[in-house]
Each structure stands twice: as structure tokens, then as C-alpha cells.
Amino acid sequence: MADIRVTVWNEFRHEKIHESVSKVYPDGIHQVIAGFLQEEDDLQVRTAVLDDPEHGLSDEVLDNTDVLVWWGHMAHGDVDDAVVAKVVRRVWSGMGFIALHSSHFSKVFKSLMGTSCDLKWRAENEKERIWVVEPSHPIAAGLEQEYFEVPEEEMYGERFDIPAPEELVFISWFAGGNVVRSGCCYRRNQGKVFYFRPGHETCPTFFQSEVQLVIKNAIRWAVPNRGPKVTFGRSQPLEPLS
Amino acid sequence: MADIRVTVWNEFRHEKIHESVSKVYPDGIHQVIAGFLQEEDDLQVRTAVLDDPEHGLSDEVLDNTDVLVWWGHMAHGDVDDAVVAKVVRRVWSGMGFIALHSSHFSKVFKSLMGTSCDLKWRAENEKERIWVVEPSHPIAAGLEQEYFEVPEEEMYGERFDIPAPEELVFISWFAGGNVVRSGCCYRRNQGKVFYFRPGHETCPTFFQSEVQLVIKNAIRWAVPNRGPKVTFGRSQPLEPLS
Amino acid sequence: MADIRVTVWNEFRHEKIHESVSKVYPDGIHQVIAGFLQEEDDLQVRTAVLDDPEHGLSDEVLDNTDVLVWWGHMAHGDVDDAVVAKVVRRVWSGMGFIALHSSHFSKVFKSLMGTSCDLKWRAENEKERIWVVEPSHPIAAGLEQEYFEVPEEEMYGERFDIPAPEELVFISWFAGGNVVRSGCCYRRNQGKVFYFRPGHETCPTFFQSEVQLVIKNAIRWAVPNRGPKVTFGRSQPLEPLS
Amino acid sequence: MADIRVTVWNEFRHEKIHESVSKVYPDGIHQVIAGFLQEEDDLQVRTAVLDDPEHGLSDEVLDNTDVLVWWGHMAHGDVDDAVVAKVVRRVWSGMGFIALHSSHFSKVFKSLMGTSCDLKWRAENEKERIWVVEPSHPIAAGLEQEYFEVPEEEMYGERFDIPAPEELVFISWFAGGNVVRSGCCYRRNQGKVFYFRPGHETCPTFFQSEVQLVIKNAIRWAVPNRGPKVTFGRSQPLEPLS
């Protein structure tokens, strides 16, 4: 039963030009993410990258995507505005959207948030300790400990210029003295959005089991529900107007 | 596969003394609720009432309850404080709690909210129109229309003295000129709480399919997740203190 | 002491071409709003309209605006994207933004929300009853009653495609059978945003004292605070990294 | 103009029996807090302690209190339940309530939250760095930096069993590897509640200017507004019922 259709989108540029990245993700970050997702019986996974035609996000692909996972960093500006607008409308129509790490600055995420999404950062491979602050949330299900550590990561720190998360699942502690809201849930029209912080391109973060579990949980949380069809525009009175 | 264990609790007093109630719910409100829940393959249902020993909520029963559905009205004061404290602690440990209609004033719900939970009311069998304001919420899944009507109900109106709902799923319109937040989600420690407004004892509300669907959805939403075990108290440093 | 600098922006098109509007607001909606604001000792008020150079929103004007009040409807598309981007960045930097009525569909508001902001509507001059659901909120201060009525208004109804308000102050009841979240607070970076529903161009709504009081309260709530200066980008460790 | 009436309540037990406390707060924590509040022109300050008659919280005192500041720790259980119930009802009626540090476990705060309010702790005088995550919030006004440090404090860490804060102003980083939501806003009926984390009895935290500023800001934020009078109970129809 493969009922959740996931598309993993990756910018896929670092891996082609930076040896520090290609030695960790030789086939691209998307292949590693798709790999661990494909092990799940209820997930049907495809990938798409920036340099594909239409960035790999044709109408046909989006018509068959329940949840879109996004990783971008050095080439946010190369994503075509028309594709961005199309993806945003899909989220509004119910498609889940999982923004990973540096995708906080992707055009899609910024457009969905309505804020700058700016933050502090420091790429010195320091320890990140990710604390679960909402243990009853489905995105925390199955985690065995109250926190998990990523041994070496880029730091992202507050002030993180996002709207207050509707549900705040994780807060990260960094060895260098910073904190950040690192697991953030939002609803946008019919669609659900999750931001998950870790995943720097030079770190083997996506090979870590807790990170993989969180992404799987987030996908299942973000699946479109079968809510009522919503109508807009001119509307007849439901009660007689005197 | 009956994996969600539901206990339906009813005060069961009105039905014994008020003919206007017993003609609608001759075997008690709990039997009607249990009846439509038992049709679901994933739900395993039992009932408990105020006049049972320990109000039907022994440790053995609570040990085997994932979600507790509660209906009370005329005898809130007869619920033993020790049982209330026990139920609250169970919610804190993860048991879901669904408070129906006049249970806004139950000791358990008030204790979980930290507010008076007072409101306006009027029992004149007027039309309630329940609008879905968060169509992507799992509790709204499967509803075919953006609103549904209960033809005759007691009115509950704002100001409803609850904490701002963490997720507001429904707002009700009443013919007599009132509105109320009528589908309200909260987390309390590990547990999830949902308040759902309709269900007056003299109205056949619990026979209505949309009301039944919302209660089923709420039960599935409120199931304890398998989140990390949380520890409290004295804690060792995770990093060396200088 | 005139310490809050308010700019009232109006599209000012309806008033020039529709007699049904000009007979209510012969000098423009902005003049009526500015009029009642100018009676307040702590407010210093100017106006700006779409057909002014730069839509009346030059850097000099925005440099001297603490809170921008916005009314637009028929010409949202004529607002220059560069001005929209500039206003959004000002909000991010702390300028308050009050969106009135049909400004739910203004480019600025939609950009700040990240959603479609679509809704149901019906222009049949029906009664709107605006209920206070958060009486402790500063925007409700001074209201004498728990609700106030606008005798004839355009209806706006749910589903209103906005992010869940961070603070929900008002919910409106409409005679024709609809409800809508009608007083909605948000933070966007350093800036505060308030959406207030009433104010159709053919109705004398802005002459009503309760509506005027809410707008004054909202302005005072939305004033930039003197919070800490926020920095972004590369950040030094505050603690030694091993 | 001394228009905000503040009562500073302290348990005042540690100071009498523990030299490690009395050497820091010889006259009691309440005297230090009252001292810096009294410097403010708009605040009128009195104190009350556990061992006063009625714990110093007579009806006359509460009738003349706009905001109650609370510090308790070793004797939460000695606070009379009738006084707790009275204070809670005052908060519901609009009195602001500021819970400091170990008051997370006070009967009043727990009753207002509806949760266990449990957390992790470690009293090893470690560095706390308090990050502002909502710089536009009035409680952060006037802080010059994005974070401030308390050089030596007791650690409180997540999971902190509180309802998700309605407004989260601060998150604390601790040297020993923990984080905690450390500035948390709630509304309860008409009243506003703020929890502020620092303030261990053996640390000179309340002498620190940033801590003092936050408490002053919180008091001004928590002042009862002049919102509409709210009514409950049986309510007449506002519209004719057919």
C-alpha cells in the first residue's frame, strides 16, 4: 500500500561543484532522502532537481504529489518565479510542504511565511542538541529520547524571523551559545507546512536515524486530509434577509 | 484490528428522571455514542456512568483507555474529586479527552483549562450552523460541506471563558444572534483535549451523521502518540560546567 | 503630545466614480478616518491615496509613519509592486499595519499573510454583530458592550483563508447565516498587523463610534515597541567551540 | 501618577533559615523586587508574605491590586487552598499575575495552567543566556541586546509541562546543555499571566537590570484593560426565533 506520494526536490548544485559536499552526498542530498523514504511501505517517492526541465515540477508531477520535500541553498534565486507561484498555490490547495535547513530562505517558504525568514548562522561544525518540547505531537512520535544530538552541524540561531509557529515541536541548543526554534508547523489555506532545521550540505545529517524519523513523521502529518471542499466569492444568504 | 480503546462516560441522570430526555435517549446518551463508535473497525468501545462504582473509572478501566469521551451536565458536583484528579493525571500521561456539550462545566475540563469555562446559553431549540474554519484539520476530514446544521439545539454563546484554542476547527452560528468557538483543540502535558459543542440532552443531535463523524475524527486525533518518554526533576549536566 | 505618527492610505477610486459611495464619503474614506483620529491627542495623522505620486508613500512619508492604516478594494492591482515590497519591508522593520475590510485582498496584506486571503462575500446590507471573544485584549479596551452591531454591512464569511490569528479578538455574526473571524492580530518580524473586517464603501460604518474606537485601539497596539536591535547573518560563537 | 497597583508576594522562608539566601536577600526577595519597582512613577507597590495573616492577601489588598507578582518555592503546600481559589478568581476577573522562577510549581500557577508544570532542574550556578525570540513584544521593550546573560543561575530545562505559550517572548540557553521556554504569556478569562524563569534564591538575579526591566514590562503588559463587561448564563435571543 503506497498511498502517500512524495516528491523530494533538491537544488543539486553544491554536490556538483564542492568536494566537501560530494564526498558526503555523491549522488545528491535528494537521493539519500529518497533512499530512506523508499523503505517505508506507505510512501511512494520520486525526486526532482533544479536543473530538470521546469525544475522537475511539471503539472503532471505536482498533480501526483501529496507532500513536497525541499532542500535548497546556494541557488534560491535561480528558481523560476512562475514555478514558485505554482508550488505555493499547490500548498494552498492541500499539498504538504517540508522545508529542510537552508530552505528557510527558499522563495516558496518565504512566500508562505510572509516574513524575511532571516536568522543567525555559523558553519563551524558544532554540536546541535534538538529538544522535543511537544512530546505529544505526531512529528515526535517514535523518538526514544527527549532530545537527540547531531554531532556536527551548521548553527542557526534566533532571532529567526518567522511567524510564531502554530505548533512548536523542537528547540535546538548549540554548543556555541545559541538557540533556535527548529521544528515549526504551520497551516496555509488547506496545506500544512513543516520547517525542520538540520541538514547542512557538508554534514552527514541525513544519514542519522532520528533525522530520518522526523522527516517521515512530518510527511505523514502533512498529507492532505479529506476536508470539506471550500468555496469563495459571492454567496447566497442561508437565512432570509428582511 | 481494534487498536483504539475508547471509554464513553455519561452522567446518565437526565435520562432517568426527565421524560423529555428519555424519549430521545431511552438507554442513555452513552449507549447512542457507543453504538455509532462500535461500527468502526479500529475502535474498541466500553461505557461507564456516574452511578457505577468509582464512577466506572477504576484504575483497570483507565489503564485500558486511550481516549475518554465525557458527557455531563446536571451532576458535575457529584463527580468525586479523587476521580477527577485521577482522570486529569491520566490526560497528562497521554490519554485523550473529548468533552461534549455541557461537559464544558465538568470538573475535569475546567481543571484542564485553568479557566471558568463559563458561557451564555439559551435552551429554545434554535438552529445551529457549524462552520469549518480549519478545513485541513484532521477533525474536519470527511465532512462533505463547509458547514453543517443541527436543526434544533441549545445555544451556547461567547464570551466562552476558555484559553484561546491551540487549534480552532469550528465556529457556530446561532439563529438567535450568537456565535461560539465550537471545536477547540488543546494539549495538556502528553495528552490531547477536544471540546465539541453540540449535544443537548433533549435533542437527537448524537444521531446526526456529521456529529458522529466529528467525534470519530476527534478520537483518532486524540490517541496518545508514541512520543519520547519525558523525565523531570534533578538532571545531570550534558556538557561540562566549568 | 502627538507621538504616534499615523498615515491613512485610501485607494480613493470608488468615491470618484460611484455615487453610492460619494454620497457617504464625499471627500473619501481616508478623510473620515483621518478626521476621527485627529481628535486624539496622541495621534499625528496624515493621508495618502493611490493616485498621489508614489501612491503617497515616499520614503520620507514612510520614515515618518509609525502605523499605516490601509483601505483598498477595486484597484488592488494598480498598486505598484515596488511600493508593496517597500511597505512590507517597513512592516518587517516595525511599522504597524492595519488592514481594513476589503484590504484583505490588498497585495500588502496577502504578502504578509502568505495565504490567498480569499473568503465568501455578499453585498446586501445585512446586519453584522461583532462579538468580542478576547475581552482582555487592548484592542477591545473601552468597548461598553460584549458585542456591537453594524446595522448594514457587506457580509464576509468563512472559510476566510488566513493563517490562524495569533490573537483573535472579534468574531462576526451575520443575519444571512455566516460567521467570520473579524479582528485578527499577527506579528511579522518586528511589525504588528491587525485585520479589521467592517468598512464597506457604501455603508456609513466609519462614522460609527465603536468602529472608530477599535481602529484607535489597534493603532496604539500596533505602534513599534523599542525592542532590542536584531542582527542576522554570520555570527561569532559566544562560547568556545572545542 | 501612580496608577498601577502592584503587590509583590514572597514566600519569605528561605531567607529566614538558609544563610546562602539571607546573605543575598537579607530583607527578603520581595523587598528587592519592591525596591526597584518603587523607582517607577507609574507603579504603586506593596508587599505580602506567606506568614502574614491570610498570607497578606486579604480582600482589601486584592481589591487594590492590579498586578500580583509571585515568588514561592519551598512552601507551596503551605499556601491555603481558599487563598489560592480567591487569587485564581481575581486573575479571572482581570488581575495580572507574574509568576517568577520556582513559582512555576505554585498552586496558583498550576491551577491557571491546567498542567503539571513540571520540568528538569539543576542547581549548579551555571550560565543562563536568555534569547529574545519575539522582539516586537512589549515585554521585550527597552532591552538593548538580543540576549542577556545571568552569570549564575539554577537551570530549568525542557520538557517544561506547560500549555504552549500564547506568546513566547524568551528562550533560555544553559551552559550544561539545556533549553527552556523562559518568558511565557497567557490569558485566563479577563486576566493576563506571565511566567518568567530566572530568580533562584541563592543568586543575585533580581539585582540585574535586564531582569528588573522585564518584570516592569510584564507588569505594564498585565494590567487589566478596560474591556467590555462580560455576562454569562441564560441569555435572551437577539434575533426573533421562528
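By letter and in written order, the chains are A, B, C and D; residue numbering begins at 1 in each of them.
What we mean here is this: a residue touches a chain if its C-beta (ideal position, glycine included) is under 8 Å from a C-beta of that chain, and two chains touch if they have at least 3 such contacts.
Please read all numbers here as calculations on a predicted model, not as lab measurements.
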Chain whose Cα centroid lies at the greatest distance from that of subunit A: D
Euclidean distance of C-alpha centroids - subunit A vs subunit D, Å: 37
Intercentroid distance (Cα basis), subunit D paired with subunit B, Å: 32
Residue numbers of subunit D (touch at least two other chains): 129, 132, 134-135, 146, 157, 159, 164, 166-167, 175, 177-178, 187, 189, 230-231, 238-239
Overall pattern in which the protein chains touch one another (line/ring/star/complete/other): complete
Of subunit D, residues touching subunit C in the complex: 94, 129, 132, 134-138, 140-146, 166-167, 175, 187, 189-192, 224-231, 238-239
Interface residues, subunit C side, partner subunit A - complex: 92, 111-116, 118-122, 124, 126, 155, 157, 159, 161, 163-164, 166, 175-178, 186-189, 230-239, 241-242
Of all residues in subunit C, those that touch subunit B in their complex: 129, 131-135, 146, 157-160, 164, 167-168, 171-174, 177-179, 181
